[in-house]
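Heads up, the next two complexes both have chain A, just with different partners, chain B and then chain C.
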Partner chain A sequence: MASFDVMPEVQLYQPVELGDALNLADELGEDGWLLGGGQDTYGWLKDRAKSPRAMIDLNGIEALHGIRETDDGIEIGAATILRDIIRDKRINRDYSLLAQAANRVASPQIRNVGTLGGNLIQDTRCWYYRRGLDCYRAGGNICYAGGPEAMNREHAVFGASRCVAVSPSDTATALVALEATMVAASISGTRTISADDFFVGPDTHIEQMTSLEPGEILAAVRIPAKWAGQRFYFEKVADRDVWDFALVSIAAAMSMDDDTVADCRLVCGGVACTPHRLTNVERAARGQSLGEESAEALAPLASEGAKPLNYNHFKLPLMENLVRRAMRG
Partner chain B sequence: MSDYTLLGKDFTPPDVTGKVTGKAKYAEDFKVDGMVYARMYTSPMAHGRVTRIDTSKAETMDGVIGVLTAEDIPEVEAPNAAILTNSPAYIGDPILAVAAETEQIAEDAMAAIEIEIEPLPFVTDPLDSLLEGGANAREEGNVYARSREGSGFREIKWSQEQIDEFRAGKEPTGEFVSEWGYGELEQGFADADLVFEEPFVTIGYAHMSMEPRTAMAYWENGKCYVHGSAQSQSFWIPGLARMLGVEMKDVCLISENTGGGFGSKIGAYPIAALPGYFSRKINRPVQLRVTREQEYYMGSARVGFQGWIKMGFAADGKITASDVFIVEDIGPNATGGDASSAGGAISLVYDPTAMRFRGLPVLTNTTPRGAQRGPGQNQIAAVMAPIMDKAAKQLDIDPVEIRKINSTNNDTIVYADRSPVTSAYMNEALDQGAEMFDWETRKTQPKRNGNKVRGLGIGQGYHSAGATGFDGLIRITPDGRLHVHSGIGNLGTYSYATTSRAAAEVLKVSEDSMQIHRGSTDNHLPWSSYQAGSVTIFAHTRTNYVAAMDALDKMKRIAADTMGGAPEDYDIDGQRVFLIDNPAQGMSYGAIAARAIQLGGEYSGDSYPEDIHEITQRAVQNLAGTGLVGVAKDNLHQEGVIPGLAVAFCEIELDLETGKYDILDYVGIAECGTVMHPKGLAQQMKGGAVWGFGMAKSERHVYDPQNGLPANVGYYQCGIPSYLDVPSVTRTDAVNIADPQNPFGARGIGEPAMGCSVAALQSAISDALDGHIFGRSPITPDMVVNHVMGRDQSYKPLQTNNF
Partner chain C sequence: MNPQLSRRRFIKAVIASSVAAASTSGVHNALAQDRSRGAVERLISLNVNGQTRRVDVAPHETLAHTLRYKLGLTGTKIGCNRGECGACTVIIDGITNYSCSTLTHSVRTRAVRTVEGLQAADGTLHPVQQAFIDELSPQCGFCTPGQVMSAVAFLEENASPTREEARQAMAGNLCRCGAYDHYLNGIMRASGQNS
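Now for the complex of A and B:
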């Protein structure tokens, strides 16, 4: 077994216009690799577990940077670094859920270079898959993590389909809760995809975590004004308070009618291959007032339908407890 | 603190500037002309036999210089670690190496190598190997016992019923290989008013040195120069020479700075000899850079425990009996020996009236094990703290008090051979810590606040902290400067600098007139201790003391010879030797040194004591005639165990809904004799605390038992505490009472500084959960959530190397 840690030969393109990047992405197809902050990229490449022919560095493209107001909320360039999102006044005022989630990503050092786009489309952290094993997600025909004695404490309790990996993104949960829209650009133009549809599970595409097609670049994320200034709750439970991915996280957006919940979206991270909507909790919560009583009533709904593996049944009570905390008010 | 001029005072060690500016050079930073780069191909299987190696494609690639396989290196008898092997016993076991003009070519060549390995049964949990029908980690057996009477493989199997009973927390009835004890055990339990049994698991985990064990080597005139990542300096030479098949004089180790070793780089490890072999084969300097991932595979790990303990307490809190049985995970190379040390720590820290230790070292196909900070002592510290709390609660005794009732002091005799201790002030440390932590007030505070609950913890750490019999070597040159030659190595504790100051203290030399020589064995270094086991402060304040006293004696004799009178008529100060009755009449150190060169003989190193080590003799030979030489072996009186002790108090706030806990406050008290370097000591106590938090909270090996794959081969997977996982302020202090068997009163502290921390945190978690004992380290949020919610844990009782 070779242990690699030197960057292999790989071409590097550094376009400054989105059009050039899109042309490159189209030409290179699956041989190309989109480079944001590099925090996911370099591990894959140095380990030689992924071997693209060329990297397309998106950081020099001005159009992919920045936080802009739109007619209906805000738009964030996909290459905007997480630190800038965390510090942005508008986001903190209107969409603090995203700022809170971004502020729990990895470590300060990683947030200083890691981009929103990179955080959203990063690959799963399943340790078997990351080892370069020939699992389903890597094009093989086995799942090592789902085996009877596999070490799967950090794996999925919902939505497993051959693969039991989970989404590692903290900002994804917040953006699904905020009903964000993803703007995907290609040489054919742009299309928008709802955050709900952007993240895909293994039953849809076992080798991808998003619905981006080859040649497409995530250009921006739009957050509608619908949830601006509403009630939010974010919490991430991880082994350590820096660096670690969520064991379970929750992002909740709630609009209130006096003391009762008019509308809400609750999303858990770390429990499925995609950000996991707690639709049954949402349905039951509408019309309820926040407080201990409703928290107790709603919490058990969170884990309904969960199928734990050997080492991760703790995620069920943890999800319930996080719902409890979100709904206590 | 002390009355000394230099000792007990803060100072800036000479290598600090390089570390802060980045100019400090580590093994990987050294390059020489013609150097080529080697990379290792390691086993993808947990246990196997290499049946075919085809390097032909790799060898024909442009830039590839050569290949080194096990055939090029003398065979090593199992279970000892080989430099390269055709019988890999863990994933990551080195099989061959390729050298190339660039690292990238070496990696490209790696990808072109074809190897076939016949798989053999493997095991990642000792209990799975012990179970009848279970796999053996080695073809020769599943147990390797080391003893004075002889060492060897064994095959030991327990019945399903015996395994089940052990898992159920009952006394193990299966075969074991080592036993010792003292006192009347049965009588001790009969005398007890409280008797209980607890099963326990402490999972092993990586040493996690920031600097992987990279090495570079080349040969000049039959001498091998090795740039290595070494914890010790002189202590490496015998092992390195043996592995390279040369005499000690034909090896030079250059190791100016080391990015951590923590017990994994004490002596020369096999892979450090690989570049030497490779260089000899291809006649080029070779640098073997070990990757981060490889460092986790082969970089050594703490021994894991699966055990059972029975404790008996009298109504007044005194421990009447302690009976402990430990199955020890000794990895594939039968390294460790932690279990018996754990038994020793029970004896010394808790002083039971009677005790018995039984041990069973079991081989596994996991990362090789090695001594890691407090090997054995710190695992058992984690186990014992909640047990002491449980007894305190059931006997209605204050948790500090029950520890004081059982604590070691100057009169305590320890271990099976009932040895005395040089000195011990555990009670003083507990009192000092309790006061600093304000234990009396805190223990009365309310515990519960909504979903948060506070927990208070107390921990005690111990490791023997001294060694004797090593050599000291100093010089005074005609410019009047003091040169201290130190072969300790530079692990990062700065003890090489602290102990060197002992010579300056004796000779009343100012800081700026002293120069330390170290970093390369060509700098004429004496035979020094391993920089491990918390020994260096004790061992090398003594060696530098005896060398300085030798120099002092010679200086007085030279003065008497030159100016008349008897040596005892002279004293020193201001870097002069002067007549006591007429201080104006004297000689500067420079003049004395010049005179020593003229006189020759023992004064200038032309002759030397017969009892100094071969390595020191050679250093003196090389220095002879350059000044006044002070050289001596440490033959000072030493008797009994030299204890390094530490206690810690901590307060946590545990969230019952998330299983997370924050450490709100931490106080660590060192009991290490007279403090030699306050800032260095504080850093040891703080660093040890962080390490203990990691062991208690998050660090552990995880192996997939289906394929032997380790899950932790990167920093983030290994769970070292981050800056938000530790308290913002960690408070430390020291008892600071002199030990009588060190000329300056000093003992070591490195290892107990961690043991007290892991113990305090385990104690605090138990306190927060109303006395619940997990009997495991680490305690992770999922375990807490499962416990609080009344759910079963995911793991089998006593399972190890798992989530």
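Now for the complex of A and C:
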């Protein structure tokens, strides 16, 4: 399988109206490729592992940019650059969980062009799939990563179903913890999808990471006021501090009632094909006070039900330790 | 030759007709309609180092390719060509980007700065370049233009950074010789602080 480092011939559209982009996305269908910052795009194209006929560059569409206040929280345009999210005063004050997660994405230069929408929708980094192999996710009938001799150190410990790839997005975990809602636009209108339902595993749709239909464009992300200014914890563990994807990450949002946890959402990245809710930790944490004791009690619940592959058992203690650190207070 | 038909319009027409001839797929044969929806023209003007340069750019062309092979600005290096090393870093509207992972058409209305644009008209080096020389920052030198551009953009935003801030800001530029501390020394010197 040859590898190239130059771009293949592909047409480029740079619409300035959302309507034009939606029409193009509808007409081109599978031949069209939505372009945000492009950092997940050019690798696919340079490798000839994906061959769209045209790219639809969404960056020139004003309606997809910006951070706006709403009646219930904020709305962030999907083409908003991660750099702007990291530096936004209101996000840092009320939803610092998202700013922290965005600040751990890739490298400074990639955060300077990477969009929130692109970071959420980016494809999995399973290298067998990325290499253009004919696996389940690519429409074939085999998984190269799940086998006993496969290199699956980075792969899933939860929710595998034929495919064992994991969600690579740092901002996705934060937005699931913050109970965000995704706004998807198409030529037939817009619909909203909760972050919990937006990301789909291989048991739902093995060739997609999200519930976006062909022809749909993620227009915006809404974050409800519910978690504004609450207690947050974010940590990403990766082999390298820059560029790398999470081995395991945790995003936690907690509302406190004095010293005790009134409500909480804990989400792990890098362990399943979708951001992985730690529902049993959440349930057990409610009513507990933060501290060494509850951290010790809650940590083992994080990895309950995990099904590690040959080379990723280390993700289990990693998850438990991240929960321990999040709940220490 | 018809005097009304300027050289520029002639070239445009030739390119347009060859594009139309090449596209048998039906996706983009309605050129006029496509234009209104954002299909790109090949002949564009780029603002590079304060100069306006006319250049013929393919829709899929990266900025690193255009700079090096169309505009002769070979100071910008292509290392990995994957946005994974930082050698191709340029400054676009004051912000660092990987030019290997930027479509040239996306910078049409923006100001691009490359390492060639840093020195003064009389040839005096930019303070960052001079500091990198004084601190012997580069080793093999291949990553240096990218390191210089990241350092320049960073110091324009933060004139007297801490070493840790500089470390964070330079995190998107790899140096396979491992001369990171020497570059950090150079940045601290360029900002007028003791390294």
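Following the convention adopted for this analysis, the second predicted complex is superposed on the first by the 328 of 329 C-alpha atoms of A that agree within 3 Å, B and C clash if a C-alpha of one lies under 4 Å from a C-alpha of the other, contacts with A are read in each partner's own complex, and residues count from 1 in each chain.
Methods note: contacts are C-beta pairs under 8 Å (C-beta built on N, C-alpha and C of every residue); 3 or more make two chains touch, one makes a residue touch a chain.
What you are looking at is a predicted structure, and each value in this text was computed from that prediction instead of being measured.
Looking at the shared chain after the overlay, A:300 reaches neither chain B nor chain C.
By the touch criterion defined above, A:20 reaches chain C but does not reach chain B. With both structures placed on the common chain, the touch criterion links A:11 to chain C but leaves chain B unconnected.
Legend: residue contacts after superposition of the two complexes on their common chain; A:224 is shown touching neither chain B nor chain C. Legend: residue contacts after superposition of the two complexes on their common chain; A:28 is shown touching chain C, with no touch to chain B. By the touch criterion defined above, A:66 reaches neither chain B nor chain C. Residue contacts after overlaying the shared chain place A:243 against chain B and chain C alike. Using the contact criterion defined above for the overlaid structures, shared-chain residue A:132 touches neither chain B nor chain C, since it reaches no partner. In the superposition on chain A, A:329 contacts neither chain B nor chain C. Residues common to the contacts of chain A with chain B and with chain C across the two structures: 5-9, 107, 241-243.
Only residues 23, 25, 27-28, 34, 36-40, 58-62, 65, 80-84, 86, 89, 95-98, 100-103, 105-106, 150, 168-169, 171-172 of chain C touch chain A when the two sit together in their complex. Of all the residues in chain B, the ones that touch chain A in their complex are 39-44, 91-92, 103-104, 107-108, 110-111, 113, 291-294, 297, 657-660, 697-698, 702-707, 709, 711, 713, 716-717, 719, 721-725, 780-783, 785-786, 789, 791, 794-795, 802-803.
Residues of chain A that touch chain C in their complex: 5-16, 20-21, 23-24, 28, 31, 35, 38-39, 42-43, 45-46, 53-55, 57, 59-60, 83, 106-110, 112-113, 241-243.
Chain A meets chain B in the complex at residues 1-9, 47-48, 107, 127-128, 131, 144, 147-153, 235, 237, 239-244, 247, 310-314, 317-318, 321-322, 324-325.
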